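These notes concern the structure reproduced below.
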Amino acid sequence: MLDTICTAQSDIVEAYRFVRDRSLKLIAPLSAEDTVVQSMPDVSPTKWHLAHSSWFFEQFLLSSQCGYEPLRPGWQFLFNSYYESVGPRHNRVQRGLLSRPTLAEVIEYRHRVDDDMAPVLDRAASDPELAALINLGLHHEQQHQELMLTDIKHVFSVNPLEPSYQREAPFGLPGHALPMRFVRGSAGIVEIGHHGEGFAFDCETPRHRTLLHPYEMADRPVTNDEFRDFIRDGGYRTPSLWMSEGWARAQAEAWAGPMYWDAQAETEFTLAGRREIDPYAPVCHVSYYEADAYARWAGARLPRESEWEHLTETRVDVDAQLRAANFADAGFLHPQPAQRDEGLLQLFGDVWEWTSSPYVNYPGYKPLPGALGEYNGKFMCGQWVLRGGSCVTPVGHLRASYRNFFYPPDRWQFMGFRLAKDA
Amino acid sequence: MLDTICTAQSDIVEAYRFVRDRSLKLIAPLSAEDTVVQSMPDVSPTKWHLAHSSWFFEQFLLSSQCGYEPLRPGWQFLFNSYYESVGPRHNRVQRGLLSRPTLAEVIEYRHRVDDDMAPVLDRAASDPELAALINLGLHHEQQHQELMLTDIKHVFSVNPLEPSYQREAPFGLPGHALPMRFVRGSAGIVEIGHHGEGFAFDCETPRHRTLLHPYEMADRPVTNDEFRDFIRDGGYRTPSLWMSEGWARAQAEAWAGPMYWDAQAETEFTLAGRREIDPYAPVCHVSYYEADAYARWAGARLPRESEWEHLTETRVDVDAQLRAANFADAGFLHPQPAQRDEGLLQLFGDVWEWTSSPYVNYPGYKPLPGALGEYNGKFMCGQWVLRGGSCVTPVGHLRASYRNFFYPPDRWQFMGFRLAKDA
Amino acid sequence: MLDTICTAQSDIVEAYRFVRDRSLKLIAPLSAEDTVVQSMPDVSPTKWHLAHSSWFFEQFLLSSQCGYEPLRPGWQFLFNSYYESVGPRHNRVQRGLLSRPTLAEVIEYRHRVDDDMAPVLDRAASDPELAALINLGLHHEQQHQELMLTDIKHVFSVNPLEPSYQREAPFGLPGHALPMRFVRGSAGIVEIGHHGEGFAFDCETPRHRTLLHPYEMADRPVTNDEFRDFIRDGGYRTPSLWMSEGWARAQAEAWAGPMYWDAQAETEFTLAGRREIDPYAPVCHVSYYEADAYARWAGARLPRESEWEHLTETRVDVDAQLRAANFADAGFLHPQPAQRDEGLLQLFGDVWEWTSSPYVNYPGYKPLPGALGEYNGKFMCGQWVLRGGSCVTPVGHLRASYRNFFYPPDRWQFMGFRLAKDA
Amino acid sequence: MLDTICTAQSDIVEAYRFVRDRSLKLIAPLSAEDTVVQSMPDVSPTKWHLAHSSWFFEQFLLSSQCGYEPLRPGWQFLFNSYYESVGPRHNRVQRGLLSRPTLAEVIEYRHRVDDDMAPVLDRAASDPELAALINLGLHHEQQHQELMLTDIKHVFSVNPLEPSYQREAPFGLPGHALPMRFVRGSAGIVEIGHHGEGFAFDCETPRHRTLLHPYEMADRPVTNDEFRDFIRDGGYRTPSLWMSEGWARAQAEAWAGPMYWDAQAETEFTLAGRREIDPYAPVCHVSYYEADAYARWAGARLPRESEWEHLTETRVDVDAQLRAANFADAGFLHPQPAQRDEGLLQLFGDVWEWTSSPYVNYPGYKPLPGALGEYNGKFMCGQWVLRGGSCVTPVGHLRASYRNFFYPPDRWQFMGFRLAKDA
């Protein structure tokens, strides 16, 4: 379904159905109770994700229609995430206090939205602007599909019973020790940013010139085994390796390894429950601070996002990599060891890769008009760019120019990293 | 069923079934989602109450048996409330983070406990000590039945949709303005504390002598209308009426009326949703600070618990009042106006009544031996005694010597008060 | 000077000079910098104590005079402690943020107050009500003199350099192991409360009847050596000995011994710097929770304040004990071992003694009229009574009916305890 | 004295004396009490600045000498700021809890450091590396001289008495309305970073190539009057103008104008006490969030640091501007209106200018070796670059390549901004 999401206006009906159905498939393993809990402020209850991604269509596609009545009074307030222009909203940290609407009511709401969207989808066939807006809603829902998985993993992790999302998780792929090779990129003025064909978020635009200094980038992410060397070598006890605020956070929260790892660095909590750590899989659930400290320890650095994007665009068959990547639809829902031994590996899928680039606007950036301008632009302060996608990203959601962004201490997403060096 | 709970050992099987069934009846109006939420640290999820009150039987009656295996591994940790002697336990403030066990699993656990209790109940017929322990477990469960209602009220109150627990709430009883009359008690040395017949918690013992100074006590609790006079007269803006820490709390949380009242003092949130305030019903959901400030404003004071108990024991037919009181089983689940015009009214039911007595041990007090000694004794610091029971107390749970206790700022229980004076 | 403070109206001029001078003598060992710091919310800077105790005279004796102009504009706001009726005031927790007025300016202000008080003192000779008010101001200042010492001890204790208030501290008195003997009190109805002669705070009144149950009280406070036995026996690791909220606090703050003790229970921080712990001196700087836990461990309990007061009034020569007690003016500024071997020892001085009595009003209690009614009455919720005075209490400040009060977790005052038992 | 600090090794003795003396001159208007207070976590007491800047010389120049003994035991712990490699240190937020060492003791310590530095200064004449280290210590002390002024301003501002640092503040310079003109910079690949001559911090290096997109930059900072237009136009009530976390902070702290302004935007607190706001002076004490929101409101943006540096280096006589700038030594200690009408104005002095550049390392950046590598490098996460210096910066401290950095919500430094635009 990769192409469905990214391309043709004529396929919008099919894409809509595919994406919307996929959200409901994701909750199959969950009880109604599971969909209520907010285990920390960053996490949203599953029920909230289901409602909010439907609210997005109601708000931005249905509510502008003549004669529109809110489908469920009061729900706009509950399921607006952060759109100040749209009106007041429920306090984010209190999402877990809402037992109502129930999961069944939320699902019924989704169906009503879908029913009301039918004529809109029809009109979109001949209205490119409308189609673009629907497409935005679908990519938005895909983002929440990823969050549903990262969030439920956290919800389950704080339960001493350690429930499992995947009752029958597939066996992991076989791995083996691969040397880390560095690939040299071309320096000089290059272009990055979305090239304009197919869907992109506004923050990926405009395509613009940037200056690359001589550099090289690792052919694959850092693995669990490599990260264990850092731990054993006292990485978490050596302040000179860390950014000042990273060190402070690591001390305050007593970090001694990636999130979800046990104290012995032997097992990790996964969506299939507690499992042995695969030494050859990319390390996951580390903060920017940990990635940066590891890189310093290794005598390297994190890549700039411009380096990552340009090298990816010029050195690999992006479509082929996207098709082969370990995304959510592969069913593992966990990073897997690299499966090939040459070229740039695992650029997409498995783990989001922290870069050394603060998330700021590109030269000439213009946010979308109106409330949708709040989608990305207002977050361009204090966060860091990650590239490439993870094992819980929906297939069909990504591009080489895709910019994900989180705060430096965040660890609950499927975050890893790859090294780079000045050349 | 009043007598079932309080009396004969031979009825223990029937009492057990009655109390245990009642817990499940209480959740009939709830969705699975409703049973998950912890809306503030003092509140426990319904699911937790159901499991904990069963854990109590497992821990104190089943686990001591030879060959015992925990019914569900890990659940002892989750559902131990505060018994340090029994072992470690889940952090109280995180009860709302547990989606598992699900409600269905908890109910199934209840049934397994009940099955395993059957032979124990049989043995209790000829073992008074065993019967006493079971009786304690039943009164414990009744306490949690009351908490299930107070807690779900709070859970629903923080939801902007304001859900209702009672889909078809009964009409309230008719009320009318009643003059407040003061009844003079006898001064001198009197006896208070449980007299020894039937069940009592350890904190009600021993019966002991105490000295009463001349006093009189109001014939009924303060009503909503009376409390509105206090508000209108600037009671919440007059620091000289308040205890210092009460004033600080009222300012910090911007109190301007009882909990659950709107800013205009016209409607209140109830278990049947938002309703108009009944002017003649006892004011409810006020803290000790507010009760004490009102009393000072009214030129009166709160009664001492010894005054309340002695006057009740000597002036009314306690059994008759208990039978007639507005307890949970009357179905209102909300305080009602007084229905008679003479004698001491509403001593039981409707609202718990704050006294001016700190909750400390009686002279000669001995806690129960072992872990059950933690039931009451370790809380005798910082809390205040309330007397009389509320509209959500289960019928059959109370006595004249019953001592309830909460912290001075607590308001989410069904708390009101009655005035007293030196005579 | 004992009598000066407590008695004759004619001596008011001398008493005023004595008390006011004493405050300034207390700061002799301090630098200007020392008088600025607020090391925790409960502590006030020395400079603040000096100014506030003068403000008290300005507010309650000077400001009511015709033609009065504030001595220093804005200072009323800064140095009002908690009198809501008098007007708004500076936030208590921010007292340490004020570098101005400087110490020199505060001392100059004191002198101006003293100058303006001269004619008032003259008038007081023939105006008993005025004299009473001045007397209250002097006892108020004495309370702050005690606080100046307890607070500067805390200020110095948080400084890693561990400065000393007493450059040349006197050697401690010699001690030896004394058996603990219990003295039996008389049961039945007795009278407690201030008898009306001389000064007393309103909370000590009215003298009233109370009922004592048979009891006995230890002849001396618990010593450091005895408290070390409690520690060695795992007292701080045994939850069943503790009140629930005491245990929670002890865990949260990792208590393993009295405040100011080192981890090995060998040395303690004193006003003369770090010193070896005297095994025979009363244990000091323990909370109510610790005192109560120790008593439970020892198979005893804390005395009720009525027991303490009645036994003191009927069994010892109060005046003689007051004269012989280790108060601040003895110069030790630290609890000393008992110096006699019979009778009730150390009832006054050395350490304040926690009782098991919540600080509530006596039957018939009436606070002072007006703003001075806020002096004691509004604190009668949540605190516990201590009796007897400490090694930093000014001589001449105490009586048998004196009620001091602090919150259960407080430890920075010179607090110890004595055991009691049901008899 | 501009050249003293930046240049010849032979002048190091004179530079040392000049800088060290200047610190002591800065405290002339202060009482000992003023030097104790820490009014918020970001602020350090004056006494601490004086001791820490001396500790820097002791630690990095004296302690490496053979036979070295700490000048004052325990002070290394107290006055180490953030050098993890050097050893443990006192908790930053508790600096205001230290009354000792007193100011006099700190000054005496400074003199002892100066005495011990004398032979080191002599050796530096023939040891360029040593001279460089001393020079670093002097620039470090200059940074703390600026902080002493910004911090004491905050200390005085939280005091309701509003003390003044400048007893006789000079009249401000006359201002008038100046149109804002935009100066176009040259696009393409340019070089920025320190050119290698004279002193620079490691974060200004290496000089490197960067790509500028067509842009123009305002000839002067935004003024108070212009900022008042933003306020009047609802700038603080319009979320669409703000970064998301800026908006959250502004709401949480109820920002309605720059720090130190009154609610009517008429007066501001200055080092000379409360003064009327000069309409033509640059706005000061605004956060990055406010600067960024203003720029968005004005249809502009903040300049990138590369744009600022390149335009400055190529369009103005930097030395002349540095000589003419309103730095601390001009005595105003407050931003002044622009005094000329053409060219780029107020690039240096008056207010630090927020740029749109996150503070990250330059390509090829290498921190200093050893503990001094912690000086800048570990802060390259989460902060934003400011350029140009302020009215409290010591003369002789600055360069065109100078990078100052603070967190986006910081406002207590003398921070303003200048607009830029894409061209």
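Letters A, B, C and D name the chains as they come in the text, with residue numbers starting at 1 for each one.
Rule of thumb we're sticking to: a residue touches a chain if its C-beta (ideal position, glycine included) is under 8 Å from a C-beta of that chain, and two chains touch if they have at least 3 such contacts.
A quick map from chain label to UniProt name: A, B, C, D = Ergothioneine biosynthesis protein EgtB.
Everything quoted here is computed from the prediction, not taken from an experiment.
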Neighbouring chains common to subunit C and subunit D, by label = none
Could you find the chain whose CA centre sits the greatest distance from that of subunit B?
-> D
At what distance in angstrom does the C-alpha mean of subunit C lie from that of subunit A?
-> 60
Inter-centroid spacing, subunit D versus subunit A (mean Cα positions, whole Å) | 38
Subunit D residues touching 2+ other chains are none
Looking at the whole structure, which two-chain pairs count as touching?
-> A-B, A-D, B-C, C-D
Using the touch rule from the top, collect the residues of subunit C that touch subunit D in their complex.
-> 31-37, 39, 47, 74, 77-78, 90, 94, 96-103, 155-156, 158-161, 163
Residues of subunit B that touch subunit C when the two form their complex = 82, 84-85, 189, 208-211, 213, 239-240, 242-247, 288-289, 292, 356, 358, 360, 363-364, 373-374, 378-382, 408, 422
